[in-house]
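What follows are several structures.
Two complexes, one shared chain (chain A), two partners (chain B, chain C).
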Partner chain A sequence: MAMRPIFSALMRNKAGLALIVVQVAITLAVICNSLFIVLERSTRVGRPSGMDETGTFTIDSLGFAADYDVRDTIHADLARLRALPGVIDATSTNTTPLTNGGWSTGVTTEPGRGVDSSGVQPAAMYFMDEHGLDAFGVRLVEGRAFQAGDVREFNQNTRIQSSVAILTQALADVLFPDGGAVGRQIYGIANDNQPVTVIGIVERLQVPWVGWTDVEQSVLVPAIQIDGNFSRYLVRAEPGQRDALMPQVEKALQDGHSGRLVRRMRSIEEARTRVYRQDHAMMSILGGTMVAMLVITGLGIVGLTSFWVTRRMKQIGTRRALGALRGDIRSYFQTENALMIGFGILLGALLTYGFNAWLMQNFNTARLPWPYLPMGALAMAVLGQLAVLGPASRAASVTPALATRTA
Partner chain B sequence: MTRYYFWLATRSLRRNPVLTALMVAAIALGIGAAMTALTVLRGMSSNPMAHREDRVYRPQVDNWSANQPYDEQGNPPNLMTYQDSMALHNARKARRQAAMFPNFLAVEPANPEVKPFLATVLFTHGDFFPMFDVPFLFGGGWDRQSDDNNARVVVISRAMNDRLFGGADSVGRRLRMQGEDYIVSGVLDAWQPQPRFYEISSGAFADVEDVFVPFGIGIEKELTSSANNNCFSDPGAGYQAWLASDCIWMAFWVELEGAADAARYKDFLDAYVQEQKARGRFPRPLNNRVNTVAEWLAQQRVVGRDAQTQTWLAFAFLIVCLINTVGLLLAKFMARAPEIGLRRAVGASRKQVFAQFLTESGVIGIAGAALGLLLTWLGLIGLRALYGDTATGRMAELDAGMTAIVVLAAIGASLLAGLFPTWRACQVTPALQLKSN
Partner chain C sequence: MLRMNQLSKVFRTHMIETHALRELSMHVREGEFVAVTGPSGSGKTTFLNIAGLLETFTAGEYHLDGVDVRGLNDDARSRLRNEKIGFIFQGFNLIPDLNLFDNVDVPLRYRGFKAPERRRRIEEALAKVGLASRMKHYPSELSGGQQQRVAIARALAGEPRLLLADEPTGNLDSLMARGVMELLESINEQGTTIVMVTHDHELAARAQRNVHIIDGQVSDLDDGPRLAAPRPAAAAANPAAAVNA
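For the complex of A and B:
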């Protein structure tokens, strides 16, 4: 098929050409960038927290009565919770993954370095007692779990007193790249100068903040915070028992002491839904936009090409009369379409990376990986060919006799 | 004549219902998507203190670590230390000044039927209320003496007053919180600035607190912020060490007399920081700011990344939809070149052809606008379902101003789409059309 006549015919229809080229270009830019964002978000929401998410929930207690003793209450509450049928285990804790709220610190292998120095690893701290690993449902891969003797109470004045800690694998790997973390000492838990001995490593426990770069750098500390009449418990139910257990736990705590508020009972599953809600929404919206755009652009191409076919009926008839085969007519429109989409893809490549650059500059997003553009271009080419299929077939079915008739 | 054109337009549109539906749907979809995104963006970008833009300012001082800047953009910390906000407050170099931090207190209602509950509390100075022009339903805020004496007074929200006092004028009544009695000095009227500019660290689009309590009481109770406490070095043991530390957790606002006064206040801040440098604090280069509310909201990037991205994409979608409509209208109008030729030959002027075809695209535009408004409304319902009680979900509401924008945008967009095809229709030369047939 000779390109030249197709090309010059296109150039005689600049408006139509421009409309399709711009449409294809914008669509290409939108689908490449949207798909990138959607896949990025889908990776983000798919990361495992490392804990048992289906069986666990947290509940808060805040005492207000004058005779409220938070230490006694915590011990009584934990005994009460662990005695409930259907409870695997329970611990007091300060936070859980997927909540976006917690306590972070800087951890090092050398004493006397502030959290702002280089070489200090940011880490989230999880306080728990000797039942903590069971209650969270994290997997210990090295060393030993906490024992009752490890657990220290603390408050704002005493600061953290614990002398042992458990690291996540991710944190152990950055602090001790050569391995052998168990038995070594770290600083920055209690304060910058007091050593804390690593007694174990858990496979994974995400930090509470889902937006953190080092999202698996956590340290588990055997400690109970006795401050401000506040306590939080993490309860792990036996499989399938969680929903039935939650109201019982709430009642057990409320009955345990009337001079307090029992509130914010929330399953970790709910916390996950809540924390990733915006990501899921964004994925749905972008997915919908991509589909709508492809449909609209496809229909637009069908519409314009149909119109051109109609306008060129006589010309097609003449060509058929002069010996062009049906296949020639069909491939004329298909080639014309491919040429227009091709121009669109060229302009679209600029727009795609322009939009990506705007995202990078304003929101520190990553550069669009190169395979997106060729994949998107292929999708546009296929869309174009699908859209031209109908009109091209209609053109191919024009009889040579049409040339002899007046319109 | 207009009625005749209108009649012609509806006839022509009815002749090809699929094409007409496609054009109306394209405009409506584009408008619906763009306006849904724009509604959220507009809500997030609004400035609730616009009427006091040259009065209300947010000072920032950079007390951060010698080893690292506070953030990558080089902004000073978003909050202030206790010691700096107290020093600035007590210096009283502004017309009004208030420091603040959020926390909770357990409310024990006198009415035994209402169970004790946890109220969100803002610990702040009495200047908070006049500075932000906060509307009161009953009573008012508290004076400087109450600030100085940690007087047990409270201002409560309207919802709180409804809950505790059945909506009655509760000024002078007692409110018991965590074992202490407070006297109600005022009840807020409905006040829900969005974004909640004055305390962003606990959520830029969160609700205004239930209860306002004099600042010093929070310190007396040895509380920290329930939102954000940020340290670059170990504060040391105990609450006094915490207060004397370089940890940031306070929001601090001032009322000034305008831009010139703001420049004067900036000089005062610089002098203060220089003095602190002499005492060995503030190791970083001088980086103090006195922000207007608009500057503050921009610096804190209150408008979400997703909302901005969605708006760009939605407008790209609108452009594609409009280009589509241009293409389809062009096809439709040019197919009627013989008709145009005939009309021109029997005496219609270019102007009249222009009017006729613009009427036709206008009809499509109005239908598209109406459907687009409906789709915007549906889109916002969809956003609320997707986002729930998050910033985007809260901003997904149509107000009168936004409705007007939607209608104007829809009609404007479709006229724009109709212009080029109409112009092309006017270019038809009558002789050529008549000849070819």
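For the complex of A and C:
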């Protein structure tokens, strides 16, 4: 199909052309950037925490009775929980992934680097006892798990006393790029100058804060915090037993000591849902916006092309009378549409990267990877061709006899 | 060139049957200039549409330049129309968004000619109607007479065997009408068969033969060619000069 005459005819219908071009350009910019954000969020939401999310849950205990002894209660509670049928294991802990709350530290391979931030790797600290790895359901890939003798109790006065730790693979890789982390010493767990020996590496255990850049960098510390009257337990149930087990655990703890509140029992799955709620909402909103933009643009193309077909009925009849096949008429409108969408894509490319630059500056988003633009352009071209199909077919069905009818 | 035998055209709705043509028979020889006249609603336009393959017919036979058009599908009819027939419409039917060059180019593109061949034909056709210098102008920048000359150029560019003119002077004043008529006569003198539908008896009188249609039937068929009305000598020699209206 001849482009030049179609192009010159389009140039004489600038208002309609501009309408579609601007609409396509804006849609392309919104679609590309929204899709990028949605996929980025989707990846973030879908990444594994490293623990057994389906079988685990946490529950908090806060003693209020005058005779409440947190150390004794923790040990009694853990024994009681581990004895429950359907429990794989249980541990005392400070936090879990997907909660956006926990302890962080800076880990180094040399002492005294705390004041000098170079070489310090940010990491989350998970406290647990010798049952911790099983309770979390993390996979040990190197070294050994904690033993009872590794576990130290601590409070605000004593600080962390542990002398061994387990690293996530990501943290081990960044601290010891050449490998061989097990058996080496790190600093920053107990204090900046006290060495802690790495005894093992787990495949993955994400930090509690889902927005962290170094989300895979965690250190597992064999410690039980004996502070105030608060304790938190992580319980891992046999597959399929979690929901049935949760009320039993709650009752067992309540029965174990009446001078306390047992609260905030929450599965890790629920924690995931809660922590990513905003991301899901944003994905839904952006997804809806994308669909709406595509529908509006598609309808805009259908509307304008239908209007042009109606306005050009006589012209179409004349073209048919002069020898145009039905296919020629159809392809005329398809080519015209492709040209309009092409202009829209050119303008849209500028808008897309302009919009991305604005998002980067104001919302700290990443740079849009280049494949999004050709993919978006292809989507717009397909949308355009689909939208023009109906009006173009209507135009192709115009009878050539229309040419001899008076307007 | 054009042979219709017992041709009928019936328009049907679920309530009404309208017989636009009733067993119409007509024979137009190669090189003839035939005027088809008749009152409004007599079937002139239906005849022209069928002659130009713009519409199908209900019964009868129609041979165009030896081709039996019955049973041809839409695409085949379009190709035959493009190759054999040039159209001149009452309302000129130029495409307003295209300049004169591109307007004349429309049927040539559908014919599949290469660009140099199209350019040659367009320039020659526009020169023939005296508008070679206005190729880049748009129809809205021309007078009615000039627009009809562009339409004639468009019809001529494909070098058709048959020129069908539907009230070609219907939208023109008498001066412009005379110019267009003289141009058609000149084209006919060069060998192109012309069938012109008109309700203007004065114009019809200038054709070699008149066919009168009433109620979808030929009422008066003058089967032999006759001399047209006297034409100005200058117009015959240079058609463009005669229609510079």
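Everything below uses one rule, namely that the second predicted complex is superposed on the first by the 404 of 407 C-alpha atoms of A that agree within 3 Å, B and C clash if a C-alpha of one lies under 4 Å from a C-alpha of the other, contacts with A are read in each partner's own complex, and residues count from 1 in each chain.
The working rule: contacts are C-beta pairs under 8 Å (C-beta built on N, C-alpha and C of every residue); 3 or more make two chains touch, one makes a residue touch a chain.
Note that the structure is a prediction, hence the values are computed from the model and not measured.
In the superposition on chain A, A:398 makes contact with neither chain B nor chain C. Once the two complexes are overlaid on the shared chain, A:151 sits clear of chain B and of chain C alike. By the touch criterion stated above, A:219 is placed in contact with neither chain B nor chain C.
In the superposition on chain A, contact is made by A:261 with chain B only, not with chain C.
Which of chain B and chain C touches more residues of chain A is settled by the count: it is B.
When both complexes are overlaid on chain A, the residue A:315 reaches chain C alone and has no touch with chain B.
Shared-chain residue A:28: touches no atom of chain B or chain C.
Shared interface residues of chain A, touching chain B in one complex and chain C in the other, are 406-407. Per the touch definition, chain A reaches chain C in the complex via residues 2, 5, 8-9, 12-13, 314-315, 318-328, 399-401, 403-407. Across the complex, chain A meets chain B through its residues 15-16, 19-20, 22-23, 26-27, 29-30, 33-34, 37, 62, 64-66, 114-118, 156-159, 191-192, 228, 261, 263, 277-278, 280-282, 284-286, 289, 292-293, 296-297, 299-300, 303-304, 306-307, 310-311, 355, 358-359, 362-363, 406-407. Across the complex, chain C meets chain A through its residues 45, 48-49, 52-55, 74-75, 78-79, 81-83, 87, 89-91, 93, 95-99, 102, 105-107, 109-111, 154, 166.
Those residues of chain B whose C-beta lies close enough to touch chain A in the complex are 19, 22, 26, 29, 33, 65, 67-68, 104, 106, 108, 116-118, 178-179, 222-223, 231-234, 237-239, 242, 304-306, 308-310, 312-314, 316-317, 319-321, 323-324, 326-328, 330-332, 334-335, 383, 386-388, 390, 392, 420, 424, 436-437.
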